[in-house]
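Letters A, B, C, D and E mark the chains in the order given here, with residues in each chain numbered from 1 onward.
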Amino acid sequence: MIMRKGWRPVLVLILLLIIWQVLVPLFEVPEWLLPTPYQIGVEAINSWPNYSGHLFATIRLSILGFLIGSSIGLGVAIILHLVPKLRETFYPLLILSQNIPIIVLAPLLVIWFGFGLLPKLIIIILVCFFPITIAALDGFRQTSGELLHYMKMAGADRRQIFWKLEWPHAMPSIFSGLKIAATYSVMGAVISEWLGAQEGIGVYMTLASSSFRTTQVFVAILLIMCLSMLFFAAIVLLEKRVIRWKTSGGGNSNG
Amino acid sequence: TEEAENPGSDVANEQQELQEVTMVLDWTPNTNHTGLYVAQQKGYFEEQGLDVEIILPGEAGANQLVASNQAEFGIGAQESLTEARVQDIPIVSIAALIQHNTSGFASPKDKGIESPSDYEGKTYGGWGAPVEKAVLGSIMEQEAADVENVDIVNIGNSDFFTAVERDIDFAWIYYGWTGIEAELRGDELNMQYLTDYSDKLDYYTPILMTNENLIAEDPETVRAFTKAVSQGYEFAIDEPEQAAEILIEAVPDLDPELVKASQEWLSPKYQDDAAKFGEQQEQVWADYAAWMFDNGLLDEELDVEQAYTNEFLPEEEN
Amino acid sequence: MAELAIEQLTKSFDGTEVLKALSLNIADDEFVAVLGPSGSGKSTLFHLIGGLYEPDTGTILLGGENIKGQKGSVSYMPQSPSLLPWRTVLDNVLLGAEIAGHKDQQAAIQMMEKAGLAGYEQSYPHQLSGGMKQRAAFIRSLLSPQPLILLDEPFSALDEFTRSEMQKWLLDIWQHNKRSILFVTHNIEEALFLADRILVLSEKPARVVAEFKVGFARPRAEDITLTEEFLQYKKDIYKVLKKGTGE
Amino acid sequence: MIMRKGWRPVLVLILLLIIWQVLVPLFEVPEWLLPTPYQIGVEAINSWPNYSGHLFATIRLSILGFLIGSSIGLGVAIILHLVPKLRETFYPLLILSQNIPIIVLAPLLVIWFGFGLLPKLIIIILVCFFPITIAALDGFRQTSGELLHYMKMAGADRRQIFWKLEWPHAMPSIFSGLKIAATYSVMGAVISEWLGAQEGIGVYMTLASSSFRTTQVFVAILLIMCLSMLFFAAIVLLEKRVIRWKTSGGGNSNG
Amino acid sequence: MAELAIEQLTKSFDGTEVLKALSLNIADDEFVAVLGPSGSGKSTLFHLIGGLYEPDTGTILLGGENIKGQKGSVSYMPQSPSLLPWRTVLDNVLLGAEIAGHKDQQAAIQMMEKAGLAGYEQSYPHQLSGGMKQRAAFIRSLLSPQPLILLDEPFSALDEFTRSEMQKWLLDIWQHNKRSILFVTHNIEEALFLADRILVLSEKPARVVAEFKVGFARPRAEDITLTEEFLQYKKDIYKVLKKGTGE
């Protein structure tokens, strides 16, 4: 499915790359400012041994962070949804959590947790959990009144209403949140590596950038983008597997 | 430090137990740090019984990390250490890595900026700190120019080369890195070094620092560390090419060309005219702090005695 | 025990009274039909019995116990099928039982077969016709274990034959496995054929305006609908309804 | 409504502040690392004249960025939804857009647009538009099949189906996206100010941080948080005014 | 012009045939009722005429024009009310007309009054009873301007009186403002009372198994339901239906 439909964006991407490749020499943009896709490609292939370690470190970090972050995000959403009082109380605090700048958090995290995995994970989690929580909460709330009435009349307790009605109903919203979170998780990992790490794309990029090697910086971006796309695609695939019933309905609204 | 607490657990190594020490840089690795990598690579740290891990500061900032003992040692600069001490942050300078300030205001040659008086009517790109305006004012004063006629723009994270491509006429750089990069690119720069215009501005940057706590409780480690570092820098002074190779090997992601050229330029400047590597003079600390205070950059005066010490520099010359 | 006793039930929405001092009783194992104009408050009455809303005043006793605002004590078939779109028909049909904690997949499959839904076990609700959805909802309520069943116009979307088959099946089940049934319908013949007693509600605000005891012997044969007595009942009820609506 | 329910989070917040206030001296955390709320409060009051200009600059910037960003986000979502081919083509590219690290974008933006307002707006827009686009796209797609069938049978053309069915149906999702975007817009503005600005909370914070005035850094965070909360509250209020019909239904699921 | 000519229509879902070579004709201004077992394909037939799905084979001509897969040429009342939950009842009722571009709020308010929905103009669908929703959907289809109206069990949720009032009103509107009507119902009497012609569909896959021309004069009085002729028709249709379902 994805394979078959994938040619279109790939085409546009290739087109964009070609335009880029042509425009850069045309406007005499120097390589240190904006290398051409060809130069980036060559560099990407040649320096594979240099960055492969960094790449795998970032992959591990972001997958771990995403998994923990989205579990926490879902958990928080569920708890806040099931206990309206908690929700009223903590919902505004959630928003606050998104507004602690990393620049301030960074020294505190490092001072409290050292240079290990934990402070980095905390940053990715902080980035990932928010879109999921918001999306899931909204999904839980928007169940159809008619179905809710039936469930209640049938004697479903709060847990049953949640698991049999609200949870499956919120699935599309949750996946929407997961997609956003997956996209952010890679960036989150890279940012967290600026916190002080020995390896990772973030480190690779900072080093490249500080020795003015723009082409390598772009290789790093390329890696980040590919990773995010992979993560996103994985979520889309999962969504297709999980939400099977919506074959008709709004999906094919080719009216 | 965790392993140090249960010695002999899985250390099948010969010799004595090495003490683990963390060293945090001020930025990404560059030729300012060569001596550290040499000391590590050549085993000078090990000889002193130290196992040193060199880390990048990231967003956390070296000063706080050293102050809070997350890292025992760090690279800093006199200006920020002065500010930090005034805010009661307990860090101490234990060696000057470069004797004289190598920074200055640089501009592409075609901008025609030959001296501070030419700054008038031009646009300066900085990072928005008050100290910049004060320094600019200080050196422009010498030529009876007025800093108010300079348009100061914050360029944030943009690097020098990007900034001067557009809007910006000149910026503050370390010649040993950015200036050398310009040489390698064949860009010609006009450079006004701070030291050429005011002695007060000839402060130490970068410096090696540690925190008061460590000095009080474990001066031996400080002494050992400083000794190894001195050895490293002395090697870098004597053997610039080899030292450059060591740095390139340790941090392969750096541009070797830049490292070699920069190292060659910088090696003679580590010790320069000082009696021995790393030595700091009270005059330099006092003058600069006074200058900062006079320019309203400090809330209170600096207790100079507390800010630095030469006590840990190795006694004998190698 | 499934005697239902409702006393002086009153309920208003946004200031408009929907039920006004409504009282009714259902004996154990009794089959009672409710007739009344559209919008009179029949579904609202069911919602109150099921505990979805609290009445403004009045009491609802089931087997002597107060079930006001208490959910889960009745088996319920809503007026619109209310199937969960992400569940297969089989899983939907089992939902009521699942909630109550007794799930019998075998019984469900058999019932679906009886209702003409064989082969649709793994379909999703959007693949069913209107009448098929209604039958699924009907089975769902039959599979729920509670002793009182509330059916809100269960056969309105069915053709005459399917409807009469469902009616006979419902009677069959009810006779073999006694439960009390409260049944809303707009079809007088259906009410007469099925119920022991018929309650006629007035227009909004609803009260019980008439009550008919239906005297036909059980089990009932289909041909009672042709008897004189049946027609007489029909006419009487029709008249009461007409008066109620005409007011 | 908000007023009446607001006491709960405020209470928790106050409780947190008290704990903070008590713990800091207890663990002898120095002020340069983590000042107490009291110190922050005093600083906030005293240095109001110092930062008020910065504050208003950031408010202006983030409101402008949010408005433009969410308009673009909605516009993109609408176009991608209405033209399935465009959607297949550009959806993956949207995700890519979220993975260009600011560190790389910054020099390019500066080269292209200088140090004015535009590059900053671009960064805020980039941050804001994505959650809205994703949420709106998912909202548009999840209309009920039954209603869609009716609309089609009634002869509604694509535009009518969109404006009369999909758009109102997606409202809750769109607001969910707007909430996320509003929260991010303030952070986006602060980050964009690090790109080079004369004034703004971001500038204020960098200065404070570089001269080790931790208390002022925390004042800046306080300001950022208050701003985000205000933005979020504004969106919630707007949502309450716009989505009126959902009085019953899932909302009061106090089962 | 609103003559509908359907030829050899075939449609299957997931390999199961639902309609098989179904042909039917509706003359200009004719009122045709469709009877058939639940799940036979009546709603599917409507969906095909309305252009929601394309048939596998066959042609659909309206006024001589091919309307296969072409939407908007008929006014449609779906089996489930399908009201937009975020619109007031009045706005919902106007939706069909709005889509077609003729909006007459005054007429809508009058019609709502006639259907017993006065006072509910500004309510939302979830505040209506089942029958009231159905009436709203009915009005919506009447307010749409197309010359062919498809009504899918429009009165199934109404009590006998409201139903008979709606029937009379429908006939009234139809007589004053001639349009062709295709009308699905499960109620044989309703079909007889309203239609010029009754088509009986078989079980799935649906074909037309019988056709009855209903000869009562127009305008029809309510008491024709008591005539011998009416009863005879009813029995005949019943028999055909029974055979169809029994197969």
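Quick note on the criterion: contacts are C-beta pairs under 8 Å (C-beta built on N, C-alpha and C of every residue); 3 or more make two chains touch, one makes a residue touch a chain.
Because the structure is predicted, anything quoted here is derived from the model rather than measured.
*Asks:* Determine the shortest chain-contact distance, in steps, between subunit B and subunit C.
*Replies:* The distance in steps between these two chains is 2.
*Asks:* Work out which chains are contact partners of both subunit A and subunit B.
*Replies:* Shared contacts of subunit A and subunit B: D.
*Asks:* Name the chain whose C-alpha centroid is most distant from the C-alpha centroid of subunit C.
*Replies:* The most remote chain is B.
*Asks:* Calculate how many whole Å lie between the centre of subunit A and the centre of subunit D, each centre taken as the average of the chain's C-alpha atoms.
*Replies:* 17
*Asks:* I'd like to verify one number: the distance from the centre of subunit A to the centre of subunit E, where each centre is the average of its C-alpha atoms, in whole angstrom.
*Replies:* So the centroids are 50 Å from each other.
*Asks:* Centroid of subunit B to centroid of subunit D, CA atoms only: how many Å?
*Replies:* Here the centre of subunit D sits 39 Å away from the centre of subunit B.
*Asks:* Mark out which residues of subunit B touch at least two other chains, giving numbers and ranges.
*Replies:* Expected reply: 61, 64, 68, 159, 162, 165.
*Asks:* If a residue has to touch 2 or more other chains to count, which residues of subunit E qualify?
*Replies:* 71, 80, 126-127
*Asks:* Would you mind listing the residues of subunit A that make contact with two or more other chains?
*Replies:* 33, 103, 107, 111, 145-146, 151-152, 156-157, 209, 246, 248-249, 255
*Asks:* Please output the residues of subunit A touching subunit C within their complex, sorted ascending.
*Replies:* Subunit A reaches subunit C through residues 146-147, 149-157, 160, 164-165, 168-169, 171, 243, 245-249.
*Asks:* What residues of subunit C sit close enough to touch subunit E in their complex?
*Replies:* On the subunit C side, the touching residues are 13-14, 35-39, 42-44, 79-80, 116, 127-132, 135, 152-153, 156-163, 186-188, 238, 241-242, 245.
*Asks:* Could you please specify the touching residues of subunit E with respect to subunit D in the complex?
*Replies:* 46-47, 50-52, 71-76, 78, 80, 82, 84-87, 95-96, 98-100, 124, 126-127, 144, 146
*Asks:* In the complex of these two chains, what residues of subunit B are touching subunit A?
*Replies:* Residues 22, 24, 27-30, 55-61, 64-65, 68, 70, 159, 161-162, 165, 181, 185, 251-255, 258-259 of subunit B touch subunit A in their complex.
*Asks:* For subunit A, which residues are in contact with subunit D within the complex?
*Replies:* 5, 8-9, 11-13, 33-34, 84-85, 88-93, 95-96, 98-101, 103-104, 107-108, 111, 130-131, 134-135, 138, 140-145, 148, 151-152, 156-158, 161, 166, 172-173, 175-176, 179-180, 183-184, 186-187, 190, 205, 209, 217-218, 221, 224-225, 228-229, 232, 246, 248-251, 253-255
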